[in-house]
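Input: one structure, supplied below.
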Amino acid sequence: MSKLLTSFDNAIERIEDGATIIVGGFGLSGIPEKLIIALRNKGVKDLTIVSNNCGVDDWGLGLLLENKQIKKMIASYVGENKLFEQQFLSGELEVELVPQGTLAERLRAGGAGIPAFYTATGVGTEVAKGKEHKEFDGRTYIMEKGIVGDFAFVKAWKADHFGNLVYRKTARNFNPVVATAGKVTLVEVEELVGIGELDPDDIHTSGVYVQKVLVGNDYEKRIEKLTTANA
Amino acid sequence: MSKLLTSFDNAIERIEDGATIIVGGFGLSGIPEKLIIALRNKGVKDLTIVSNNCGVDDWGLGLLLENKQIKKMIASYVGENKLFEQQFLSGELEVELVPQGTLAERLRAGGAGIPAFYTATGVGTEVAKGKEHKEFDGRTYIMEKGIVGDFAFVKAWKADHFGNLVYRKTARNFNPVVATAGKVTLVEVEELVGIGELDPDDIHTSGVYVQKVLVGNDYEKRIEKLTTANA
Amino acid sequence: MKRQQILERAVKEIQDGMCVNLGIGMPTLIANMIPNDFNVMLQSENGLLGIGPYPQKDEVDPDLINAGKETVTAKAGASFFDSAESFAMIRGGHIDLAILGGMEVSENGDLANWMIPGKMVKGMGGAMDLVQGAKRIVVIMDHVNKHGESKVKKNCSLPLTGEKVVHCLITELAVFQFTEAGMELLELQNGVTLDEVKSKTEAEFTISPSIEIRA
Amino acid sequence: MKRQQILERAVKEIQDGMCVNLGIGMPTLIANMIPNDFNVMLQSENGLLGIGPYPQKDEVDPDLINAGKETVTAKAGASFFDSAESFAMIRGGHIDLAILGGMEVSENGDLANWMIPGKMVKGMGGAMDLVQGAKRIVVIMDHVNKHGESKVKKNCSLPLTGEKVVHCLITELAVFQFTEAGMELLELQNGVTLDEVKSKTEAEFTISPSIEIRA
């Protein structure tokens, strides 16, 4: 019953035009590089993508923009991407901007069977328009809904054959909540380990959330803003 | 700026009659033994205790029952405790039974600034009475509220001086969510380690949630149901 | 004997590769009956996926218990997590199957298994979460109570754990499934007649064609 | 120079032992100014508490960045966590202080800092979460825009990040605090007169007694 697949193309075989795909990563850190490239190669269109950012012009989710595969983007920050701006202004691309914490919590809620929750984030702003408002202990909150995707793309550091995952440093970011929110969760990792090699106290994502595991080679891991002590 | 205290009595100094205290543990596993004993010794009354269980007659939260310090208990299962039954039937003790998952989520919500969320758990049962009902995608849910306590009592395995925590096996249980839900969170551990000794990828509770850390000796760790392969 | 028949039928609900939650009490006994060549992960709602067998005497660890508070072990590939995460797993529909005990089941799939009015209330624990969250709910229980009265009822008389939540009911007499169309008798246990099931069941149910033919 | 004055005043808001979130851009520069003997944990909302200095060239790690996507290090005592946990920390009131940049602040403490209508929308990132969640919100910005118009306004003209969320505003001219009673001028920056502040501030504000005496 290993969940291991060897072909990224096979892993995404069942993704069709119009699918909703939730993608891990923050900026270009911790993004599922190989799954995104496979999706670009497959060429399916009219996708709804849920991810904190939308890559840069020639890397990450930017590759799907370049190929005009994205119909709608749900994100908190899309400022690093000129293609994005063009497609948005021309009306090709629909955009839903969601505060970063609300986006993370909506994904967690979706994965946890919580259809909606209340938050103070966005009250009194454009984000609150059209949303249910409710007062608790004298403070106003708005209702936000859980998100579930047809597929989730996750990048982890290590996995075992059951799909237990460990992330590395801030490459963790959205990946654990993304893993819970996909009806089918596909995970790419840098290293596959044997069952029992991960300490059960230190597993970040339980394999219960994972349908397929793939091992990627030669991770590019581009850096958006290289800053050093000497700079 | 170490958060380390040496006296359990000092740690609970500021707890007064009528306080709400959230307590970690599942059954007798992972309970903050020493903080409970200190609270029993201090003798404050009319406490509201939020904890999955209420100990047994002569151990854990049962010690506070014995000493008649609890006014109200919020729990999911209290079946291991005869004193509980007596005080409940005599009207001394008020009880709010909450489904276990709802209790865990209410504590997480309280700690995460979420005043309320929707869940299907309890729909159509006594738990749903008097609660707001709402339909999402054709399914009915009820609204449950976040819980915040004046104090939180947590048991962890290891801590550093900043209060970063690591738990061991199923002694983790409610402790991480309890840690987030206290205005003042007190933690007892078996072992104190130096700053930087815990791998930052493996910390279960960030020190941001922890106000004070105490080291306990000679943990009793009673077992409720000893079952072995030969039994 | 009666119990064994129920358990043997219940274990057939478990398929290779599933993540399963076994309720406290009788359902826990199913763990030992899962075929050795199956890779099944058992979940314990106090924070463990991958329950192993009971420990040897020298392996007993107070920090490692199941939801019934029994000392257990963890098998290779297991993971530990906190209670909120555990119920996120359950409530988010990530557990394939829960097998739970019952006091009463009604013909529309209501389950009562947590409280008897007049008796001391112990609490629902995680039962209300499990019945709403797990993908499939199988209830195992005796068909009648000690007074011979049917526990498979038109309407539950005891306080509910959940409404329309049972997918499958297994008793020592029969197996039923619950769908939008209502309650259907799927199987008769060995040596049981349709007449016996009919006479001991208060609930109204239809009969699967496969049984009609046998009967 | 102007910027330096703002930053030097802003760093005084940080007390020993605090957990602090510094916004992207100018606020990030405050990190280097925190007294060495202070034990302050800086939070990065992408999942790190305990940001260290920028890395040496051979330490650069693409898996370790801050919320501004710059490569950083983690100091001893740091912890990594996922985005939901990071914002649970922020929204649950566990971060003592956030110091953020601003485009406009109004006299009732509204903040606008994420969007200029007509220009490309980049997104609010974590700003709306921070202003509602952190225990104390300090905004640092220039007092007037490049046309000499006051950015400290009766009402914000730009879309809001949050309503009544600013506790303290620091500009190159002055420091204000916001309470239920309204906006109050607390301090004048070095060499700045009360008249200059009055003339360059559209918002209505009261003046702290300590300043009245000096003036």
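Letters A, B, C and D name the chains as they come in the text, with residue numbers starting at 1 for each one.
Going forward, contacts are C-beta pairs under 8 Å (C-beta built on N, C-alpha and C of every residue); 3 or more make two chains touch, one makes a residue touch a chain.
Bear in mind the structure is a predicted one, so any value in this text is a computation, not a measurement.
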Chains contacting each of chain A and chain D, listed by label: B
Chain pair showing more contacts of the two, B-C and B-D: B-C
Whole-Å gap between the CA centroids of chain B and chain C: 28
Centroid distance [mean C-alpha coordinates] between chain D and chain C, Å: 55
Between chain D and chain B, distance of the C-alpha-averaged centres to the nearest whole Å: 35
Separation of mean Cα positions, chain B and chain A [Å, integer]: 33
Two or more partner chains touched - positions in chain B: 105, 108, 112-114, 119-120, 167-169, 172, 200-201
Residues of chain D engaged with two or more neighbouring chains: 74, 80-81, 87-88, 90-91, 132-133
Interchain contacts (touch definition) - all pairs: A-B, A-C, A-D, B-C, B-D
Interface residues, chain D side, partner chain B - complex: 16-17, 19, 39, 41, 43, 49-50, 74, 76-81, 85, 87-95, 132-133
In the complex with chain C, residue positions of chain A that touch it: 1, 108, 110-114, 160-162, 164, 180, 195-196, 198, 200-201, 203, 206-209
Complex contacts: residues of chain A adjacent to chain B: 105, 109, 112-120, 134, 136-137, 139, 141, 145, 166-169, 172, 200-202
Partner chain B, residues of chain C touching it in the complex: 44-48, 53-57, 60-66, 68-72, 74, 80-84, 86-88, 90-91, 110, 120-129, 132-133, 159-164
Contact set on chain B toward chain C in their complex: 26-30, 52, 75-80, 85, 88-89, 95, 97, 99-105, 107-108, 119-127, 157, 167-177, 204, 221-231
